[in-house]
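Look at the two complexes coming up: chain A is in both, with chain B in one and chain C in the other.
Here is the complex of A and B:
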């Protein structure tokens, strides 16, 4: 079977369809909460127009990643880090189209240990899973995810993770794993990919990024590394 | 039918990674005209390892920039002979190389020899423990070559790779604080050992406290500036931490590209052709002699390259696939035990122990060099009594601070959820305060663990994918769990806040998802008897004498150490036989 894609005309339509739905407003308010301590204007996903996700998918994606890595006093949340932007940009890469995976059929059932066996690419997986998930959340909690309070959102995500929330034909865990992996990627990647804004996630854990030369530090046992990180895009500093 | 036939050459080399490059150097030195065909793209320090772009985790470790694109060709896996196999759709357990330098461009650099007793494993266990000690269905064999025969080649390979390390015994004399279980060496490592990062130093101290014999592991990451016997130059490693999976930005990690190719490039009797995917070795009507190879270009052009000598150096299992696609030798059948091609596929039995410390420990695991470690051989090989332990095999144990990057994994203690606030806090507290170490176990060969061609799945060129039939067996899990339990004493001696053990339980199935190692072996195994091996002791095909197959495919079972030191020594050993003997009188070097 050939990987299925989304038609260019539909993509163009979706791109223009992003709007200020109530859901995105809710998220934007959370995002600009003063306790976040970051210059919001610099990092705002608001400024980013998703190229792949529809308005409702985008709102849902933001709502999901916001709980996977929440903002708190320890460091940035997934939204500040630009995780949604990262994921959207990845959908336009060969990766998004499944061009890095072996996607020839037949697609068979197999033990989990033998890995991913579905005909979905990242693009088609998100497209199928996001609405199915939201529908399942509606049915169980009476509202879509973006309208739920934080503990209930966490509960819904937890049910997805543990397979107790069915999302149509898709195995819930496959979608959860894909989402969590992409969220961590967007949180901790080099900022050149659109995530990890301001390298704040790296600064939280004291990862110096692309500094590369530690020869004088190898045997300074137990000393905190004092220099701020550098990106492959923004060297020096 | 070929679209094009190239002029004949003396030797054609299929695959240009470590072993292909070594053989190209040896055969051109012998005066042969050599054409090397590499399926992947041309690669070199510039641009593939250029700073800063190369220090990008997502591109290299999650999007696998330098690895085989599975959309072009992959593999299938099943656990048992009665199961239906499914494709390896995403890179997981192992990371197959592709392009000039092969996996040798983006390996780590842990550069070992071999424990001598592992070369005659079957004989050794039968003599010491009796035939009944070897479990039913375990098909271990002898390599048919001795450590003494290989020693000069181990030595030379270390000089080519610019390996950093501390010898223990040279020509019978103890010379330093190296590995006391190491076999005798004819010379020192060409470079002194690298510096020791904090994790490894903590491991060293704790290992000594519990009575083990830790040492600085040899690494093909240069501790100083170096020029190798081919005139190729290396610069000192800066512990950049972006090593395994990346081309070195700094000419510090040994690779075919840095350590051999610069010398080959200057020769008029050498040609490297990239983007040439070899479809098969072409044989004469009697299937006794190879006439050359057939390859396909990205444009779909099918090209014939006639040659007198064919070197198959396509990495581990790929050699078996090329033998199968070409009709060299007989396919192994697990039901009858007949045939040899595909037999004895093996892997590496890994376990990992992680120790977590309070905030402020600052082990700084972003500092790292791929091959750098403190290791111990107390449980590797057979220098200790296996009689009462009841398993075949062993494992070196090492703390390899190789550079931990945040996406590919920040370990968090057991019980921490995979997401949310508490995950985030655990990541923050753990990243620079963790020490991890590995139990890098052998994997024995079994009658029903083997390779053949998949009946259903094909690559981009329409050729059958290689099918792996493989699962873990009780013997290997027993070995791994025993050694892990001993290594736990060491973990406790480090005094951490908590310890996490990642190991196999009895009954666990092989999992293709999490990365383990890219140390796969067998399928074209070497040996002394053509009925039980594919290659003779000179890595020459028993069936088609002008075909030699290099790489870990020749190992009859999985070694305790990483394979590349052994793979390189065997390539030089085969080259010697070709240069000194075969070329004078092309024939089977061993009478069948």
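Here is the complex of A and C:
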């Protein structure tokens, strides 16, 4: 049996993703396009130069997302999907600057259902959390995350998730949730945003992509939707 | 007492001599009539630069020999036509000879304007003298290299192709409505300037239906858009449209069969939407009276492609791209949706061997213009950055040849050349 590592949560978020996909498409999820899968494998990922993250932050980010969505027989991992590129590009968008959030004080503790309460924008959150996390990992495991083997990395990330690894003043779970959320987004986004390279994540779950409508298929009961995914704006998509 | 003030104003008004008032009214009526004539002639579109003052000229026009600029026709005395007499104005409008005795480039459609009646021309003169704000803006010299810049050949051109002023002649047996439509189309509307094929010397092959059935049978591409045939014929003409379809297109830029493209957007926005309904009906009646110039079979809808796409079995790569990128709006049956998403099945621009317009709208996108009676703008996105030249050739070929369309397939080379022209 394949070591499970962090894959229970991976399964959990795949379930979430599938739950948001139209039911008709879920019915069609066994349908694959071998020729397109081959084309994806032949395309070498281009080396992306991060615009926001420093070299050490970048290495750490890659090491983290690689364990949140590892590659396996079901589909590509977060690294192949371009998740770090997506997150780096997010940091340059209004989202990264917290421009989409209410960011005025007072900043106080509040029940979870009231949502995010910290003064950190995504940019400042990553900038503060990544070194703090690495320092905590150093202290507990004797090495930085990137140097640890996979089971130990999974252990470190699990401790972050369960709050047993403290990262300075930041609540560990807030950082973990932020990272997991952005990783999911980068994994399933339209490729135009840098993630979901070759639409491989969409193919894995048989999501047909940025299509305008399905009116022709509304009354064709029981039929599998036959078309491959399309990206909103990537040539040849 | 404040109540008396309006009465005082009324008394003052009544004190104005009756003759002066009547003259003022008739002048105003003449200027208003001239404004309408200017609308029917769409003077604004060519005589206004992008973001420029109305009628101050300066719009560049690419001709085969170089760039020329439209003239300032505001009543500014130094840079416009403020010191022109009516006779000078009428000579230019009817013979192309300007105030200095030079022949105009035939970008100014004076062979058509020579058909404008005396009453309309006098009103137009009154409008450009009294109804337009004067703008001081010197005319730009044309960018035509010597010896092509020499103007006397334009006189020869005029002698060869517009030798005499041609007053408007109504078509034989035309009723009053068709005659009015013919006047608007052949005269001020100068529709033939774009919609009639031009000969080797760029002269229009016919200036009226009486001169030949080449008249309005479709022009060659202007800025990447091919003017369609306006004759009552299939294979790219308006035979599939009723008179009220034509009226709707001219009034709103759209109808249930199609929408305007390229230069026609400006014509609808600045000119035809201002036509009276009666004039639009006349124009439509006249166009519907134009016998076919070519012998094309009627458009017949063919549901083969629609069935294949509905069934999820697109027959070609182009058909797959159509499903992925176009079908959401234009529908897999090619019939679009009302006057919102133009129908492609039977659309005049898709019935000929020249796919230029179809390629161009896929590359550059487009928008149905907002008009007073149809203010919503429906936009098609550009696909130049989304599809490769081969993909565009594939999808345009599919559109040109599906649902009964009689257009022909196109090539990657053609798309590449249009893309490069656009990029320049």
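Here is the rule we go by: the second predicted complex is superposed on the first by the 182 of 237 C-alpha atoms of A that agree within 3 Å, B and C clash if a C-alpha of one lies under 4 Å from a C-alpha of the other, contacts with A are read in each partner's own complex, and residues count from 1 in each chain.
Here, contacts are C-beta pairs under 8 Å (C-beta built on N, C-alpha and C of every residue); 3 or more make two chains touch, one makes a residue touch a chain.
These figures come from a predicted structure and were not determined experimentally.
Peer 1: Please work out whether A:161 is in contact with chain B alone, chain C alone, both, or neither, and reply first, second, both or neither.
Peer 2: Touch partner of A:161: chain B, not chain C.
Peer 1: Once chain A of both complexes is superposed, is A:74 in touch with chain B (first), chain C (second), both, or neither?
Peer 2: It touches chain B, and chain C stays clear.
Peer 1: One more residue to check, A:227. First (chain B), second (chain C), both or neither?
Peer 2: A:227: touches chain C, not chain B.
Peer 1: Once the shared chain is lined up, is A:100 touching chain B (first), chain C (second), both, or neither of them?
Peer 2: first
Peer 1: For A:204 in the superposed arrangement: first (chain B), second (chain C), both or neither?
Peer 2: first
Peer 1: Which partner does A:139 reach: the first (chain B), the second (chain C), both, or neither?
Peer 2: neither
Peer 1: After lining up the shared chain so the two structures overlap, which partner does A:213 touch, if you call chain B first and chain C second: first, second, both or neither?
Peer 2: both
Peer 1: Between chain B and chain C, pick out the one touching the greater number of residues of chain A.
Peer 2: With both complexes superposed on chain A, more residues of chain A are touched by B.
Peer 1: Just to be sure I read the superposition right, which of the two partners does A:173 touch: chain B = first, chain C = second, or both, or neither?
Peer 2: Neither partner.
Peer 1: Determine, under the contact definition given at the top, whether A:184 touches first (chain B), second (chain C), both, or neither.
Peer 2: In the superposition, A:184 contacts chain B only.
Peer 1: Determine where on chain A the residues touched by chain B overlap those touched by chain C, and list them.
Peer 2: 211-213, 223, 225, 230, 235.
Peer 1: For chain A, which residues count as touching chain B in their complex?
Peer 2: By the definition above, chain A touches chain B via 67-70, 72, 74-75, 93, 95, 98-104, 106, 108, 110-111, 113-117, 154, 157, 161, 180-181, 183-185, 188-190, 192-193, 201-202, 204-215, 217-219, 221-225, 230, 232, 235.
Peer 1: Spell out the part of chain A that touches chain C in their complex, as residue ranges.
Peer 2: 211-213, 216, 223, 225-227, 230, 233-237
Peer 1: Name, in rising order, each residue of chain C that touches chain A in their complex.
Peer 2: Touch list, chain C to chain A: 309-310, 312-313, 320, 323-325, 327-329, 332, 385-388, 391.
Peer 1: Looking at the complex, which residues from chain B come into contact with chain A?
Peer 2: So the residues of chain B touching chain A come out as 51-53, 55-58, 62-64, 69-71, 74, 77-79, 84, 86-90, 92, 195-198, 201, 236-242, 249-250, 360-362, 364, 366-367, 405-407, 410, 418-421, 423-425, 427-428, 431-432, 456-458, 509-513.
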